[in-house]
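This report concerns only the one structure given below.
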Amino acid sequence: MGGLSSAFGSIWATFLDLFDPFCGRFGIFTLFGDGSLLACGVDGWGDEIGFGVKITMALALATLPLGLIIGFLVALAAQSEEKSLRLSAGVYTTIFRGLPELLTIFIIYYGLQMLIQTVLAAIGFEQRIEINAFLAGMAALAIVNSAYSSEVMLSAFRAIPKGQYEAGAALGLSRTKTMLLIVLPQLIRIALPGLNNLWMILLKDTSYISVIGLSEIMRQTGVAARNTKEAFFFYSIACGLYLLLAMLSSFGLSFIDRWAKRSEVGR
Amino acid sequence: MSHALELIPPRPAPPEAYRQVTPARLFGFALLALWFLLGLALLGMMVFNWDTEKFVKYGPRYISGLGVTLTLVTTSIIFGALLSLPITFARMSKNRVLNTLSYVYVYVFRSTPLLAQLFLIYYGLGMFRPQLEQVGLWWFFKDAWYCGLLSFALNTAAYQAEILRGAIQSVPRGQHEGAASLGIPKAVTFFKIILPQALIVALRPYGNEIILMIKGSAVVAIVTVFDLMGETRYAFSRTFDYQAYLWAAIFYLAIVEALRHVWAWLEARLTRHLKR
Amino acid sequence: MRSSIRFLAAASFAALSLVSGAAMAEDKIVIGTEGAYPPFNELKKDGTLVGFDIDIAKALCEEMKASCTFVTNDWDGIIPALQAKKFDAIIASMSITPERLQKVDFSAKYYNTPPAIAVPKDSPLKDASPESLKGKTLGAQGSTTHANYAEKHLNAAELKIYPTADEYKLDVAAGRIDGVVDDIVVLTEWVKSAEGACCKILAPLPVDEEINGKGAGIAVRKGDTELADKFTKAIAGIRASGKYKEIQDKYFDFDVYGK
């Protein structure tokens, strides 16, 4: 078992060694950074920054589905016929759209941990639940993101005519099925441009998580800048990396956009 | 052939199915109760941990921090608006070079985080002191507040340029043609016909941009400016009391909500001629 | 290569980690430190922690027969993180002050050094008197006794507060601020190094016990006096056994314990 996993590990390591975009055999820092501040290994900061890029991407990718799901539920509540649901959704969006991201992150990072600890202590559960910076960042960003995405989805909900629901009911579909089979596919298509925008915002907002100590792009370049006193160089690298991620994203997003619009072609 | 010989006499509508307890209502009430409890807990925390000494000591600092935040945001929005005009025109011009340059500007500033831009300007340009002193700009870059202002203005200019461009392009072509057929000069057409219509379209996105700027301005606290967030961090570092963050949250929420209401009123007022 | 393995490790602890209750037991202690305050504690590029605080902590744990793990946390959030049980003790050159004692408990001190002020080499400043500091700008790290000291005693100058020591070092080197206030040992080490070549120590500052406290101690959660007492005893233990002196001599050529 151990042998198998270590064999798998070494295959994975070889794979990464070959295809790591930063410090792999053909990585940009290996090819162009050698001997400079961006070299890989102990002399340069290439591997640290490459690691930061991966954390940033992992954080953004992990947060997105969470944010979208919460946002969808909030939007669902906000357009419900039930007044109390509308009100609680309103409180949610008001609070988290109004707070600076930086503040939300601080509050979640320290507040959530204390809240969980207090609740657990109250029910006599004396274990320690550790929320690391990655999870706290994910939670905070998902909340901020969901407040925005609920707005986008709410306006998309309003763009779907009532007749669609009625048609679903006329076909004898249950309300859940109407939502999943009729409304949601149209909703996604209408909301897509807004959601693309949200992804870009999310990508940039990950930079705030550096203040609670997660080793993402901003943090790693900041450490490099302070250690080498080459602040201009490293912060330019940081900007460049975000730009690169944005460009890659717009490439991917245009692909999704075309896929979502495939049925409209020819009209 | 069969047809109804006797019409059903008119009857009142069936009584509305009145269900007191639906799952949605149950859930909604549970959520409201949760919000209420959370609010109560926070209120309780503030009441029971009330400390007049701290309030007297840090209250005025919060107010001054609020002032710094508001002046910083207002100034950068104004400078950003001024800067956004040439960018918008360059973006819409047929000149390839201008077009590309402005496109790159907007793209770069919109797809990199404000935090990175601020650090690049504050710590990055801070390295070039001799050169900056030579051109006599060091006094500007020496001060963290000015650095914050510069990076915010540059950032918001990119967003505002896009808002303005979108709005101007949303004005139908017929308006240009109509003006041209009346023999109105191009400049007058732009300022008297196109821009007023465009600004109404741009009103809502402008409001959102100001709100984003207020929230984003919290990052200057990291480069030593005592804005609202800076004062909060200061108060927290002295007292280790979570109320410091709670107060900041209240202040930020109050500003943002006030602005949103003012903006909603403004929009209703300015578009009243469009209401049918 | 190394980074990719670390990435896998990071991804695997991204799952909610449930540290078992044993962490609270006596034999396992999680120690929080800053990792950006050389020569006391510093996180090296390869991920290892070094410094006087770290060596002392290891010696104390050995003395207490406890197994210790280290966690780094940013300075301005280090007390909240302790309260939130992210770790059990802070060994990060934290001075024992009345302000902090309201929130955490401390062991006895394990060293005590005075504050000092450092300025650029070409600085016109001759001393740290209010007259000469008038209109100047000083920097200090936030949430530190040094920031509080500057605010109270050097208030003729404007004070700027930085999240870490590294940032005020960047700014004093760039000439944005006229001087920095910090621990004399930290500043001495810094001006000796290549990065601190810009600057010199202007003067040590007189200690104000109300602010500077009674030296650096080990912070534990309020009420966790049992752990604090253990640390106090262990400090006495390593001082008696000569281990303390051994560590001290590795870093300094003078007595950091103070009188």
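Some notes on this structure:
Letters are used for the chains, namely A, B and C, taken in the order the chains are written, and counting of residues starts over at 1 for each.
As a convention for this text, a contact is a pair of C-beta atoms (placed from the backbone, for glycine too) under 8 Å apart; a residue touches a chain by one contact, two chains touch by 3 or more.
Everything quoted here is computed from the prediction, not taken from an experiment.
Comparing the centres of all chains, each the average of its CA atoms, the largest separation from chain A belongs to C.
Here the two chains linked by the largest count of contacting C-beta pairs are A-B.
A comparison of C-alpha centroids places A closest to the centre of the full protein. Chain B and chain C, compared by their mean Cα positions, are separated by 39 Å.
If you average the CA atoms of chain A and of chain C, the two centres end up 34 Å from each other. Separating the CA-averaged centres of chain A and chain B is a span of 21 Å. Along chain B, residues 123, 126-127, 222, 242 each make contact with two or more other chains. Within chain C, residues 80, 83, 163, 167, 170 each touch two or more of the remaining chains. Under the contact definition stated at the top, the residues of chain A that touch 2 or more other chains are 110, 114, 211, 225, 229, 231. Contact residues on chain C toward chain B in their complex (touch as defined above): 76, 79-80, 83, 99-100, 102-103, 139, 142-143, 147-148, 160-163, 167, 170-171, 174-176. Against chain B, in their complex, chain A makes its touches with residues 77, 80-88, 91, 94-95, 97-103, 106-107, 110-111, 114, 200, 204-208, 210-211, 218, 222, 225, 229-233, 235-236, 238-239, 242-243, 246-247.
Against chain C, the residues of chain B that register as touching in their complex are 123, 126-127, 129, 142, 144, 222, 224, 230, 233-234, 236-240, 242. Those residues of chain C lying in contact with chain A across their complex are 1-8, 10-11, 13-14, 16-21, 23-24, 45-46, 72-74, 77, 80-81, 83-86, 163-164, 166-167, 169-170, 173, 195.
In the complex of the two chains, the chain A residues touching chain C come out as 12-13, 16-17, 20, 22-24, 40-42, 45, 47-48, 50-51, 54-55, 58, 62, 109-110, 113-114, 117, 126-132, 134-135, 211-213, 215, 225-227, 229, 231.
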